[in-house]
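Each chain carries a letter (A, B and C) given by its place in the written order, and its residues are counted from 1.
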Amino acid sequence: MSQAAPPDPLARELFEQIASWPIYDPHSHIDAHRPASRNLDEVLGYHYYTELAHSAGMPAAEVDPGLPPQQRARNLARHLHRIDNTVQYSWLLEIARTFFGFQGDRIDADSIDDLYRLADHSAAGAGEAWDRSVWETTNLEAVFLTNEFDDPLEGWDTSKYVPCLRTDDLVLKLHEPRTIQRLQASTNVDVGDVKSLRLAIAALFEYFVERGARACAISLPPDFVPRRATPVASQNSVRRAITHMDLRPDEHEEVRTLVFWTLAELCAEWNLPFDLMIGPIRNVYPGGVAGGRDLFDRRVSLHDYAVLFTHFPGVSFPVSTLSPDAGAELVAFSWIFPNVVPNGHWWYSNVPAFIAADLKARLQAVPKTKLVGYYSDAYKLEFVLPKFNMYRRLLAEFLAEDCVRGRGWSADRALELARLVLLENPRRLFQRPGGGAG
Amino acid sequence: MSQAAPPDPLARELFEQIASWPIYDPHSHIDAHRPASRNLDEVLGYHYYTELAHSAGMPAAEVDPGLPPQQRARNLARHLHRIDNTVQYSWLLEIARTFFGFQGDRIDADSIDDLYRLADHSAAGAGEAWDRSVWETTNLEAVFLTNEFDDPLEGWDTSKYVPCLRTDDLVLKLHEPRTIQRLQASTNVDVGDVKSLRLAIAALFEYFVERGARACAISLPPDFVPRRATPVASQNSVRRAITHMDLRPDEHEEVRTLVFWTLAELCAEWNLPFDLMIGPIRNVYPGGVAGGRDLFDRRVSLHDYAVLFTHFPGVSFPVSTLSPDAGAELVAFSWIFPNVVPNGHWWYSNVPAFIAADLKARLQAVPKTKLVGYYSDAYKLEFVLPKFNMYRRLLAEFLAEDCVRGRGWSADRALELARLVLLENPRRLFQRPGGGAG
Amino acid sequence: MSQAAPPDPLARELFEQIASWPIYDPHSHIDAHRPASRNLDEVLGYHYYTELAHSAGMPAAEVDPGLPPQQRARNLARHLHRIDNTVQYSWLLEIARTFFGFQGDRIDADSIDDLYRLADHSAAGAGEAWDRSVWETTNLEAVFLTNEFDDPLEGWDTSKYVPCLRTDDLVLKLHEPRTIQRLQASTNVDVGDVKSLRLAIAALFEYFVERGARACAISLPPDFVPRRATPVASQNSVRRAITHMDLRPDEHEEVRTLVFWTLAELCAEWNLPFDLMIGPIRNVYPGGVAGGRDLFDRRVSLHDYAVLFTHFPGVSFPVSTLSPDAGAELVAFSWIFPNVVPNGHWWYSNVPAFIAADLKARLQAVPKTKLVGYYSDAYKLEFVLPKFNMYRRLLAEFLAEDCVRGRGWSADRALELARLVLLENPRRLFQRPGGGAG
């Protein structure tokens, strides 16, 4: 039985059932060409471990990309005891035990070499077998990817590794030379003005949808405010961005507004959900380790997005908010807007204390058919299971306490709710455009 | 025993006691001329059901006011299974069972016609008997109304259905022609400037207090900031508003500032509590169903109101905040300002997860004599009981866990605290001006 | 056994262990010359009691400083029953029982004279013995003080009563004549410009560190935003401040920015932690009792401090935030920035409901070696024990539920974590600069 099983007998019973289901994971950063790890360094390289160890005093140089992988793992291991209280550490331990056959209680300087050996799948041909093995142990049904807009999307089964069009660069970095180059290279559209820009982005949608993409996604900083695009008025700013001229702040704003609105229009056209991940500010802490430099400003409100939700009633917006204290607002907006869907528990909010509170409010106040319980956000396949198990446990505890004991529901009724939230809702909301569930 | 009773035996025991008390409900939208429902459509028409069903996919047309009532009920019923996880659905089920003798477990397309029949009190003369029956089953002592300023307040027992002067229109819509017309018609004051405006509003206070009003109330948007009125300087803006001329934003602000401050002065004069409901923004989602279009911006702070609380030490301000994450700030302001009273759990914050957290902090950190536990905010009398039972249960659970088990209190001491919060405080705080408790 | 012991048997067992340890208290307002109370009035004079009683209706005049102490105590006692639900009242009861031998259940008008007599240590020589007795009963290892910058720091054992340089006046009130006078008097530096100002402040650091200071501390209003100092550009503003000329808002800002940044530089130089207490606005409610006039604006974000944390990687910043809803952001910033340490639970956030939520998130997501569990913020020594016991209980409850039952830890492992958070981390983080732990 999973170490994630809750102590309460009723919750444990529900958890066992839920843990026997397949996992449908609607957002990750898995590389479809190399989904599972080849060695422990690829597991320990997850930013949570490097950033928490760094936060606890490890110099960034100890996990420098230039070091040999096992050395990086050893270096990190010497700091893991300082973060063995964290939920992130518990994922690591569950991975080590479930996937690597680790028997110990602690991953530290003493056990790291053993574990490194157990986790090694770097031999020729071993990797693909390991990918399949992790997929099966995880009982994974589908996992969504995060694909750059110029990803050719070739070489994997897109019904299992589902493409997702990530659009941060288009909206936030259109003025950077590489963005336009990549856009032109991937679409063969000569981008010079608002009209050709739109044609190019439309070509991306066509390409992605044809290759099985089932969502468009973006992460947006707290100061971004969606506004209806004004293509004619924005023509000049867009031209300046495309030709890499310096932009005034208001011109920048015009460009990102226009591109963002265009994306929403194309989501409507192609019937793609538009995942909004609201809140991060990039590189707040430039001294941090790779992947551990972003934070947020908690002064953010979904009210800024009301105009977007209103204008695109036909687009489904699965929304994740970054600041844990913004979770209650998402409940209210999901309760009113038919097209706003509370989506998982993201990054700095992906901590049991915050998940439990958000999950409770959502399950008490948002229509059950709109809840997308969880996504892994994983970079390596091994993380899908322990992260989902963390959520499954919190869900089982809520169902036991609030629904079965609290409202007198049968266990079956509670499990029906869990099944909706974990499987049926995401399958339906992210189904193949124009077709049945994937 | 109520289905709302908590599973923990000690909490259940406390709940049973508390549930046997009368209910004193200091804020509702009950129509004193027609307090209980005449048919099920009037129950299902509560905005929670239409907005949640709409959020879950029901087209607004299915509950169009032009449809026959039973058709609307049937239409809505086909969508209720999608929201049967919500606390709002649980109120409905409790109403069906407690008041209508419904025996089923689910209100859906199959059971709706039966329930509609059970809930029918539309026969001539049946309505009044039904009003009395619901009042008695609820064990209601008094329920506060929400009366437009030109309500004649005639035709009911104002010691049971207590008038309350609602002032949103005066503050926020003074510039609309109908507001001034209504004000002149109801006061016989010829309103032309700051002075006559104040005379007219004073006349409203006199009228309302004479007819038993025990509170003045208003809901205010997040961008409203109370400021000391400047009658002379604002003269011009007020004149322009009264004569329906276009106002600049700063003139608008001057007008609403002046009227709001005038209301506070008159509350001081007439010894009326001034209920502040802080946060809603109207019509954020124009595509929503009636009553389901308002939301908020969570970036709001009671600090904006400090100048008001300071200036009117003699006015009691029962305060409700809309954004769930603003609840902790209300605890701090209630703990410092003698005239700030945390008032119930409002609308988007009226969800068990949020109530439980707020209730706990208030009962741990605000003087017990200042807590107004709950109000129903109901539009129909049937909702008072299930909504209060939801609160009573959370209160009983807090008392069992935190006070009896946690601090070693006797059950009697815990019940004394409950009695204060539910009955004695609201009776005292909202007593008839100049008289004893109502 | 302490009345603070939790009801759950496992949590109680952990609590008993934890309660047997010494207390290391890294922030208080204790007067080292007169640490414990001499009479009950000095206990009841703690702002929590006067402000809560005032909030519940007591006129400020009843605790006027001009009244005889016993009269003040009697006056206050007549209002205590209205706040006997609060956690602050429970500290009082624990003090009365633990230190004064009080046997009753309530402190009120009936029992106040008895208690006053029991708490009297005003006889010649009795005070010092009482100080030692409270110290020993509390099992106190060290308590940090809050010393004005011109405190001579003489006359006590600074390894027990640890000096801490409080700098609010320097940053926020440099323009007030008394500040410069005091600065010149205490440093013998003739302060006339940026350079001499810095010399004077550097002299304070030298003086404080030589006399055992182990932290610099400041409380900052929500509108303060740290910025890199610009000594040359700020020269004029600083000169105007020093000569008490009127300052424009931007000049004010320049002055406080410069002084604050200088403090951070000197903390780096002297290897002193810089305690940041973020959020209070002074005198929000001028009508309040002494110490009960400050509040906050919840619209505040640590993002404003990112530039500071980034610029001074070598300075440890123990951070307390005032608005309870800002706690989750502190978790995220502590998880990323190596030099940001979540520090205790402060003032309006120091309520079990808020502590329990914050403690849980911190222990789940911040490296365990960075957590400073609690400080008393006490003005009199008697408060250290009940306040720490409140925290110890919440910690024991978390460990029992989340770690032992929830994760299968042994009790010993849970206690190791508690020991880090309560003792080893603060000892290490606040150790004597250049030396071993104090």
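Just so we're on the same page, a residue touches a chain if its C-beta (ideal position, glycine included) is under 8 Å from a C-beta of that chain, and two chains touch if they have at least 3 such contacts.
Per UniProt, the chains are A, B, C = Amidohydrolase.
Just so it is clear, the model here is predicted, and its values are computed rather than measured.
J.: So what shape is it, when you link every pair of chains that touch: line, ring, star, complete or other?
T.: Chain contacts: complete, every pair touches.
J.: Quick check: superposing chain A onto chain C on C-alpha atoms, how many degrees is the rotation, to the nearest 5?
T.: 120
J.: Rounded to a whole Å, what is the gap between the Cα centroids of chain B and chain C?
T.: Between these chains, centre-to-centre, one finds 39 Å.
J.: At which residue positions does chain C touch at least two other chains?
T.: Each of 299, 325, 357 in chain C touches at least two other chains.
J.: List the residues on chain A that touch chain C in their complex, please.
T.: 3, 6-7, 51-57, 82-88, 90, 281, 284-288, 292-293, 295-299, 323-325, 348-349, 351-354, 357
J.: What residues on chain A touch chain B, complex-wise?
T.: 299-303, 306, 309-310, 313, 325-326, 328-329, 331-338, 357, 360-361, 363-370, 405-408, 417
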